[in-house]
Amino acid sequence: MSEPETYEPKIVAFLCKWCSSAGSDLAGVSRIQYPANATPITVPCSGSISPLYILSAFNKGADGVLLSGCHIGDCHYIEGNYLARRKIYLIKELLEFVGVEPDRFRMSWVSAAEGAKYAQVVKDFVADLKPLGPQDKLKADRT
Amino acid sequence: MPDNIYLPELARITYIKEEVAGERSIKTFRVEPVNGDSFEHECGQCAMLSIFGRGEMMISIASSPLVKDYKQFSIMRVGRVSAAFHDLAVGDVVGIRGPYGNSFPVDDWRGKNLYFIGGGCGLAPIWPVITTAVAQRDSFKNITVFYGGRSPRDIMYKAELEKLRGVADVHLSVDKAEDGWDAYCGFVPANVMDKEPSSDNAIAITCGPPIMIKYVIQNLRSLGFADEQIYTTLENKMKCGLGKCGRCNVGKDYVCVKGPVYSWAELKELPEEY
Amino acid sequence: MINVRDIRDAARDLLAKGEVRAVIGYRRGSRGMAAEPVVITAPEQADELVWDPTCFHNLALYLVEDRKFLAHSRKAPGAPIAIIAKGCDARAIVVLMQEHYFKREEVYIIGVSCEGVGVLDERKLAGHVPGTPTDAAFEGDDFVFTTPEGEKRLPAREVMADRCLECRAPFPKEHNVVFGEDKTGRELAAPFAALARFEEQGATERWDFWRRQFERCIRCFACRSVCPMCYCDECVVDSITFPVAPETTADEKANRIRWIERSAVRSENITYHMTRAMHLAGRCIDCGECERVCPVNIPLRLLNNKMEREARERFGYEPGASIGAASLVASFNDSDPGSFIR
Amino acid sequence: MEKILHKERIDDWISALTGWEVLSPALEDGIWAYRPVSGAVRLDHPNTTQPPKGLAFPQREVFFSFEQIKGEAPRLTQILPDTVQRAVFGVRPCDGRGAVRMDRVFGDHVEDTYYQARRKNVAYVGLACNQPPSANCFCLSVGGSPVSTDGLDVLLTDLGDRYFVAAVTETGKALMTAANSLFDEPADADRQQLKSVHTEALAQPQRAVHNPDAVPAKLKASFKSPLWEELARACIGCGICTFLCPTCHCFDINDEVTGSAPLKGNRVRTWDNCQFPDFTMHTSGHNPRPTVGARLRQRVCHKFQYFPENFGMPQCTGCGRCISECPVGIDIVSVVNKVVEHAG
C-alpha cells in the first residue's frame, strides 16, 4: 500500500495568522530548506479550529494534519491557544480511539520568529508520516 | 438499459439578460443543445437545469414551444444553483433534462378572451402561453396582460411587454407609488378589480407569489369567473421531476407530473399543502 | 419506592394552580408496554402520567423543542414548564442551562430518582420473559413484567440499560421537587467498564471495529434527533440546499460548505459521528438515548464515554454538575496536558 | 411448481444456484440483516431490521460522473448498476408486498432506469410467517397475509423438518429447477399440513387497523384535524420510520464533488425522508410541511390515502418496523385508528 520510494504525504497545515503563518513565511524568506508537502491554510487563531476542519481535511485526502499556533502566553486573543490545547487534546484522543494512527495529527507552537522551528516541525512530520503510507481510513470513499 | 432518465443533455448558454437587479436579481438565459436536437415542450412545462458540481433545479420553460432554436429560462437568484447560474457567461455549458409536468390546455382556449395575471417572477411560467397566443393572434379573441412588481425596477420583460401593447392590452402595476411611474399603483389583485375583466368566454391564467394568487382567485371569482376558467401553476421543491423522489406532492398529486398547471376547479380539491 | 400517584398529584397541583403551563412526562404508549413522552396542559390529564422501567426517554429534548417553538412563534414563555427528570435527564437540563439555552426559573424540575435501579433495555429482554409483556413495574431491585402467562419478576440488573448499570448519579440533584430515595453511590457496574475493555485492544482492532460500525450507519439521524444537546438550527450533516431561515440570502446558501455528503458511506458516516462526539465532549451526560434509539445498534455510548472519561480524568470536568460552571471547551487550566504539542 | 425440501438440503440448494449471489438473514452486531450466505442457512429469523428494498433501491446510487476543465464543456460518464443476480432467502411476505409497491412507484409513468436494472436481477425466496415475527405485525389490516406470495418468486413454508416450496414466478421455477434432484414431490399429507399451517398462520392474533376500507376517506376528511399535531407531539423528526420501511422511496439527488481543477464529481441519489424538516422546504424558505404534525400526516396519508388513490392499494404492508423502532413510540396503527375514530 505504501510506496516508500515515491510516496509524498500530503499535509494540511492550519496556521494561526499571528504567529505560525508568519513563522512559515520566515522559513520561506530565510530560504530554509524543508519539504514542500504542507499546504498552509491561515486561520485567525489556533483556538478557532473546529474539529470539523481537521476531520474534513482527512476526508478530503490529507495524509496528515498539522495545527500550529502561538506559544502559550503569546496568543493575540489572550487565551485562544489555551482553548485549542484542550480541544485538540480531545480530538487527538478521539482519533486514536477509533484507530487512526496518532502520528497523523500534530500540533505545534511556532512563533513568528521561529522560521527554523516551523521547517523542523514540517520535516519531522513528513518523516513520521512516510512510514505510515497514504491515509485511507478517513478519506472519502465515495467514488 | 433504456434511456437514462437522470442523465441531462448538455446545453450551451447563448444569451443572458439581466431583467431585475438587486438582492434577488432575475436573469434570463437562453440555452441551445450542444449536440443538435433537444426535447420539445409545451406551454407551462418545466425542465431540470444543472450546473455540475452545484446541483439541479426545476425551472419553468419561459419560451414558447414554437421557438425551436433555444429554450428560455428566467431565473431568480435565490439559492445555491440559481446563484451559480447568475455567475455564468454566454458560451458556458450546463445540463438540461425534461420536459416535465403537464401544460396549459392552450388549444382548448382558441376563440376565447385570455387574461394573464402575473406578479414578480411569476410572469415567466405564463410567458410561453402569452407568446404562443400572440404568435397565433387570430386564434384568440382579446389578450389582456396584468403584471406587477414591487417597484418599477422589479418589472421583468420590460421591452417585451412594451412590444406586446400592439396586440394585447397590457396593464402594469407597482405596489407603491414612485416618481416616473404613471401606470397603476397598488397590488396586482387590486389592479384586476380596477379593470373589471369580464368572465364572458374568458380564461384567466395567474402566476405569482402565493398570497397574490390567493387574492387574484378570490377577485376573479367575485367577477363571475367559474373555477374552470381560472388556471394557475404550483411550485414545490423538486428533485427528480418524475414523480418518484416524493417531495413535491400535494395530496396524491406529484406536482412535477400532474402539475404544475392546475385549474382552480382541480386545485381546490387538493389539500391545502403548498 | 416512588408511588406514581405522588407524581400525578404534583403535576395536577402545578397545573391547577397555574404554576406551570405544561408538564412534560411519560404516559402509557400503544407499542407493547413502552411508555411514551407526553406534554400535558390540563390538571385532569395528570392521571395519564406513568413511572415505570420503560420511561427510557430523556425528556429534556422536549424542553429544547418547547424553546424552539416559542422562539419560532415569538411567544413569551409565561409560566415555567415542568418536566419529569431522572438523574441523567436532570444533568442534561443543567447543561442546557449552563449554555444559557433557558433559565433556571423557566423550568420546574420534577425529579424522579432511579433509586437502586434504572430503566429497561428492551433488547436485553428477549428470551427473559415469555410472549410480549404488557406492563413493567419497579419493585425494589427487581422489574416485574405482566405477561400473557402471568407475572414475571427479574432482577433489574439483568435487563437494565448499560448506561443505568454504570450510572454514578441516579438521583436528580437539580430539582424543584423530587420523588424517590437518593441512592447515589450505589455500585452496579464499574463506570466506563466497556470503554476500558475496548481500549485494551490494539489500534488495528479498534479501527476494524469502528469501520464496521460506521459502515452500518444508515444516517437516519435518530442519534442526533433524540439528543437534547443537538439543538443547533443548522447541522453539518443536513442538506445544504435549504435555507436555515427565510432571511438566509442566496449568497449564504450558495456559499455554505458541504462538510459531509449525504451518502451513507463509511467516510461520511465517520466524519458525522466523530464530529458529533466532539460537539458533545463535556456536554454529553450519558443518558444513552443515542445508543438506545440506533436501529442498527451502533455502540455510540462508547464514543461519548471516551470523551466523558477524558474530560473527567484530564480536566476534572463533570458534565451537568453545575449550572454556573464554564463548559469544558470554553475553559482551560494552566495544567492542561500539553506534552503532545511540539 | 410445488415441492418438498428437507431442511438439511437448503444449503445444497443454495450451492446449486450458480450464477446467483445468495443472501439470507444473519444476526450481526445484534441486528438481523440480509448478508451474502456464508455457511449454513437457518431461516429462524424474526424479521430483518431493514427490508431487502436496498437491493433494488440502494441507499446510494451514482447516476453519472462529471469532469470539467475550466472553460471547457463538462464531460459526463454514465454509471450503470452492476448486473449481479441476487437471490434473497427468507423474505417475509410483507416485504414481498413492499417490492410490489416499489415496482409501481419506479415502474409507472416513466420507468426508473436504475431501479428496473437492479430489480430484474433480484429474486425473492419468501418465508411464510407461521407466527407473527413481531408484536407489531399487522399485514392482515392492509390486505396482506402471513402467507402472501405477492412480489415473491418462491414461497417457503416451514413444515417442521422440511419446507413446502412453491414457485410463484418463472424466476422462482428456474431457481428450483437449478436443483431439481434435491426436491421431493409433495405427498397429500404435506399438502394437508401446509393447509393447516397456513390456516393457523392466518388465525394468529395481530395488531389491527379498524375498518381498513374506510381509512382513505376518513383520512381525507381529517386533513385539517388538530389531532395530527397532537399525535406527532413526541416525534423527534428522525428518519427511522421511513428508512426501515419496505415501501418508502423518497430520495434526494446531489452533486458530490471529489476534486477541483479539473472539477470532478458524481451525481448521486441518496435516500431522503419526509420526516426531515428540510425535505419539502423551498429555496425561498417557505415550507409546505413546516411542522411535525404535517410531516406525520404526510407519512400516514401517503401510505393509507394517497397511494390507494393512485394505485388502488395501501402502500403500507404492515411489517410493523416503524412501530417497533420508533424512539418515542409513535405507532402508525394507533395513529390511523385514532384519526379515523376522531373523524367519526
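As written, the chains take the letters A, B, C and D, and residue 1 is the first residue of each chain.
Here is the rule we go by: a contact is a pair of C-beta atoms (placed from the backbone, for glycine too) under 8 Å apart; a residue touches a chain by one contact, two chains touch by 3 or more.
The shown structure was predicted, so the numbers you read here are calculated from the model rather than taken from an experiment.
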{"item": "Chain whose average C-alpha position is farthest from subunit D's own", "value": "A"}
{"item": "Geometric centre distance via CA averages, subunit C-subunit A, whole Å", "value": "35"}
{"item": "Geometric centre distance via CA averages, subunit D-subunit B, whole Å", "value": "39"}
{"item": "Centre-of-Cα separation between subunit D and subunit C, whole angstrom", "value": "31"}
{"item": "Distance from the mean Cα position of subunit C to that of subunit B, given in whole angstrom", "value": "49"}
{"item": "Shared-contact residues (touching 2 or more other chains) in subunit C", "value": "241, 243, 253, 261, 263, 265"}
{"item": "Shared interface positions of subunit A, touching two or more other chains", "value": "140, 142"}
{"item": "Contacts with 2+ other chains: residues of subunit B", "value": "55, 78-80, 82"}
{"item": "Chains grouped in pairs wherever the two touch, ordered by label", "value": "A-C, A-D, B-C, B-D, C-D"}
{"item": "Subunit D-facing residues of subunit A, complex", "value": "140, 142-143"}
{"item": "Residues of subunit C that touch subunit D when the two form their complex", "value": "29-32, 34-39, 57, 61-62, 123, 132, 212-213, 216, 218-222, 224-226, 238-239, 241-243, 245-248, 253, 258, 261-265, 289, 292-293, 295-297"}
{"item": "Interfacial residue positions of subunit D with respect to subunit B in the complex", "value": "63-64, 66, 68, 73-74, 76, 78, 80, 105-106, 109-114, 116-117, 223, 249-255, 257, 263, 265, 267, 269, 272, 274, 279-284, 286, 288-289, 294, 298, 301-302, 305-307, 309-310"}
{"item": "Interfacial residue positions of subunit D with respect to subunit A in the complex", "value": "60, 256, 258, 266, 268"}
{"item": "Subunit C - residues contacting subunit B, complex", "value": "240-241, 243, 249-251, 253-254, 256"}
